[in-house]
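Provided herewith is a single structure, encoded as structure tokens, for subsequent inquiry.
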């Protein structure tokens, strides 16, 4: 009874991998590799005070020199990468795990409940990450853990917003109507249709939020409200080196470059992923 | 303008007995939407998207619903497929109520009535394989054995003229016409009695449109379905349907068997709609744009509609 | 136009009330008596008790909230635990300094970002556009305090053109004011300008793809004329949102820059209060900053109504 | 019929990787109405944009485009000079009235602007009052009030009339319409078609009318060009092309698009004739004859680009196995 048509199933969408994505992935890859190396090897024992001169310029023995307290800078940079990644992962993890379900919930509940979620979200949005982290530090004292959680909470609204907007557009598509007409319940629609289709935007958002988290942590450590003295942190290194800027500029430049490197990496990765995952932006 | 009432269901040509139980019955169905308030003094405006629609459809009938943008045909379609609730009125499918039921209570409807949508790009989830798309109504209906589902999906693919190996592909790997075939296969999956098609060919190229119209014709015939076919295009509806309901501003202005409607339209709006269709034969016979517009204006009685 | 504005103002008031509750509640989570926290572990029981009664810290929470909230409304949230100095005037003085900094930085950022962003968008297929875009990406990645430190090392320490720290009020000595404010302003504006430029770029790129821009060119406008006459207003809609967010970021970002340049702004007061355990002061400053952010959001919404005629009727 | 207003010779359009349009040649005389039909991806809109000089950044055109009253090839003109021609001597009406107007500008100002750009009205006030007259002449009721509205306050049909008013404001010699009624309701379509034809006739303008709808093109135009895969495959007077097509694609399109029987009566429930397969994506058309992978008559000979066969009277086709009297091969559409 049916008429077979000419079979020409074609058009597999081959997405061009863009330069931004590659550069971003390489920059982030270096940070990840650095952190991984520090797990098994560091040139010197972590945070050990050496019996050598302070303020050494980079040299053969101490690749990136030594600081005021005669510690090896390269070792600190390696360990700092770990802190940086840890902060990013925890902060983004907290934000995504809470923000994404909230966003989907807000999109799917049309009435007062969805309104309530978004209004609460807007109020949380009035507390920028740094401010929230300072509040947390005022109460609980400054530590890496407190900083991570505070930054994470402050990042929830951005995830919830992005997810909600994207989920709303997914919910307006005919394939969701088709699923409803097929008898699928709200949970199945959320899990089978909405989540997979908002995932790419959430990944992009995660990458950008990672960069913001790194910046916030560095600022907190610099203010003395994040990672405390004696623990490795790029922001902390900057703070300690500021007073000796004139005599030992490399102590500022090296952690500064490390921070900028990782922020740049995650921002580029986010931009690259946005172009890679969104066919609409192909011609940019 | 008075509505021309020829409400009684017309038994379609193939049916011997005159009156059967209607498979679909709408009684004074209304749906109002409240727009956001624009001023503190006046109450928020109310849009009557569907305004008192009555309809009976006999089993096996092919009914067309024709209307221009904003006529309320999409809202009506959402109502009768249980995706939206009427403000008032009754909707019955096979004698069972659709209105006022929760989606959980409507599981039976999902196995009785299925939909085919307008936009072949957005009606298939881009992140799902064809296998899962077509099987979705089966999963929802509780068919849990994956092997059985797969078997059914393969059969369905064949009956819409797609090869077996389409099963592992994603929607973007198909052309618009092929995607509408997948859509039809999904709709057929739970073995429905009623197929509701919402502008299924208006997004397609002319050369592909005929293929999909033929397919719909074939499955309605082959699976013994009742067809509700919604379109803005009277000539398509004329080709597909036995009976046509013309909708404007939330109301049916005229319901009549297709040929009767074309040969002798009663309502001025129907006349205007028919007059406005440009046809190749009329154009080649010398009907100019001015003549076309004149006819439309004549029927409208000078009422400017845009 | 009036009704949507009234509605948004209602949202603003409700948000201020809700966030004040959040701030107040947050500060109450602290384990133990605020007086004990302020005085430290070595203080005598008597001192703690005296302070508790003096500040009414043993009263029911709603009463304490009401006193603080109404105090905030009259710009007089109370006095500090230890120094007994009035909090209101301190915040006012410091806020003025921070506002100078934020205002100048925002102005500079906008002045850099808009032409730069438009250029990047219009030339996005050409080498110069790509290079500028890449450069802006690096600008985004440099933390403001790092920019500040580097600027100090060059212009204050090496070249000695400007002081490395301190603050002079504009009324006192305009020249010294300008010298003291130039580096902090640049540090703040560099990052925010880069961020804003990227948003301007993407807004302009979006507008360039719009059908009405093609209509404008079909009318006989050159690409730049079309962009200016038909694109600017439409591109402004997303850019205004970002500018609002940036003002908020700048207000808080100023905390760090004030620390780098030793400027006695609101941020310094906040950090000092945190280390002095002056929780009432912390709470009040946080509230001031949050209200500022909410007011900025309200202004952004109001600007929308002016820019986009589609919102005036309430219909989208 | 007057002298040639638009003359296009060997027009090709391509991105850096994909050719999109090849060897497009035609002329339009003043007062003449020519239709360009084709399905999505056939290249008909690209043709219009190439003539207007409005191709997007990464797309380049070659060949020659000449407009009466302007020396030389328009494709070689600098942007600044093209801008002077656009909106005055040639103008365009677009498909999507919902997005073709600036949402943040009153429509009266948008109409007045085109006259101010080209200096056809001496002052702002004069342009404004002329804009209201134009809105009246394109059939908008209460034009003074409409001029003060924003686009979102108007219906699709009203917006398309405004787009038409903008295009007609400076009485162009060439008016290009790209699917101007596709987004409109059928009753509104009839009125807008009438408006376009009437206004073009009043100004004795050359009209290039692009659409996918054969009935519309037959209603509006005297001559038609059929486009497929970036090439013109058949052209000629509407009656000749539509009643006696030579190209298999034209024939298939005709068969598939007319749902009623040739005499206008209803086609009883019988399968419609179809064209096999679907339109390939850009850059995926076969070499040689672009239609050969969907054509029943295709042979080895079709792997070469078919030459243009003149039928006289400006009519012709590009097919190795043409339909009609002088050919023995089969038909383009299947009746199954």
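Here are some notes:
We call the chains A, B, C and D, going by the order they appear; numbering starts again at 1 in every chain.
We take it that a contact is a pair of C-beta atoms (placed from the backbone, for glycine too) under 8 Å apart; a residue touches a chain by one contact, two chains touch by 3 or more.
Computed from a prediction, not measured in an experiment: that's the story for all the values here.
Comparing chain pairs B-D and C-D by the number of C-beta pairs in contact, the larger count belongs to B-D.
Closest to the middle of the protein, by Cα centroid, lies chain A. Of all chains, the one whose Cα centroid sits at the greatest distance from that of subunit D is C.
Here the spacing of subunit C and subunit D, counted between their Cα centres, is 53 Å. Distance between chain centres (mean CA atoms), subunit B to subunit D: 31 Å. Mean C-alpha positions place subunit A and subunit D at a centre distance of 50 Å. Shared interface positions of subunit A, i.e. residues touching 2 or more other chains, are given as 3, 5, 8, 10-11. Counting partner chains per residue, subunit D shows two or more touched chains at residues 58, 271, 278. The set of subunit B residues that touch two or more partner chains comprises 175, 177-178, 211, 214.
Across the interface of their complex, subunit A is touched by residues 81, 83, 103-104, 106-107, 110-111, 113-115, 117-119, 122-128, 136-137, 139-141, 158-161, 163, 165-166, 169, 172-175, 177-178, 183, 186, 189-190, 211, 214-215, 218, 221-222 of subunit B. Listed in rising order, the residues of subunit D touching subunit C in the complex are 52, 54, 57-58, 79-80, 83-88, 91-92, 94, 96, 99-105, 113-114, 117-118, 150, 152-153, 163, 166-167. On the side of subunit A, the complex with subunit C involves touching residues 119, 122-123, 126-128, 130-131, 134-135, 137-139, 211, 215, 218-219, 222-223, 225, 238, 242, 245-246, 249, 252, 256, 259-261, 263-264, 267-268, 271, 284.
Per the touch definition, subunit B reaches subunit D in the complex via residues 68-69, 175-178, 205-211, 213-214, 217, 232-236, 238-239, 258-259, 262, 272-273, 275-284, 287-290, 292-297, 300, 304-306. Listed in rising order, the residues of subunit C touching subunit D in the complex are 125, 210-212, 214-223, 225, 229-230, 233-234, 307-310, 313, 315.
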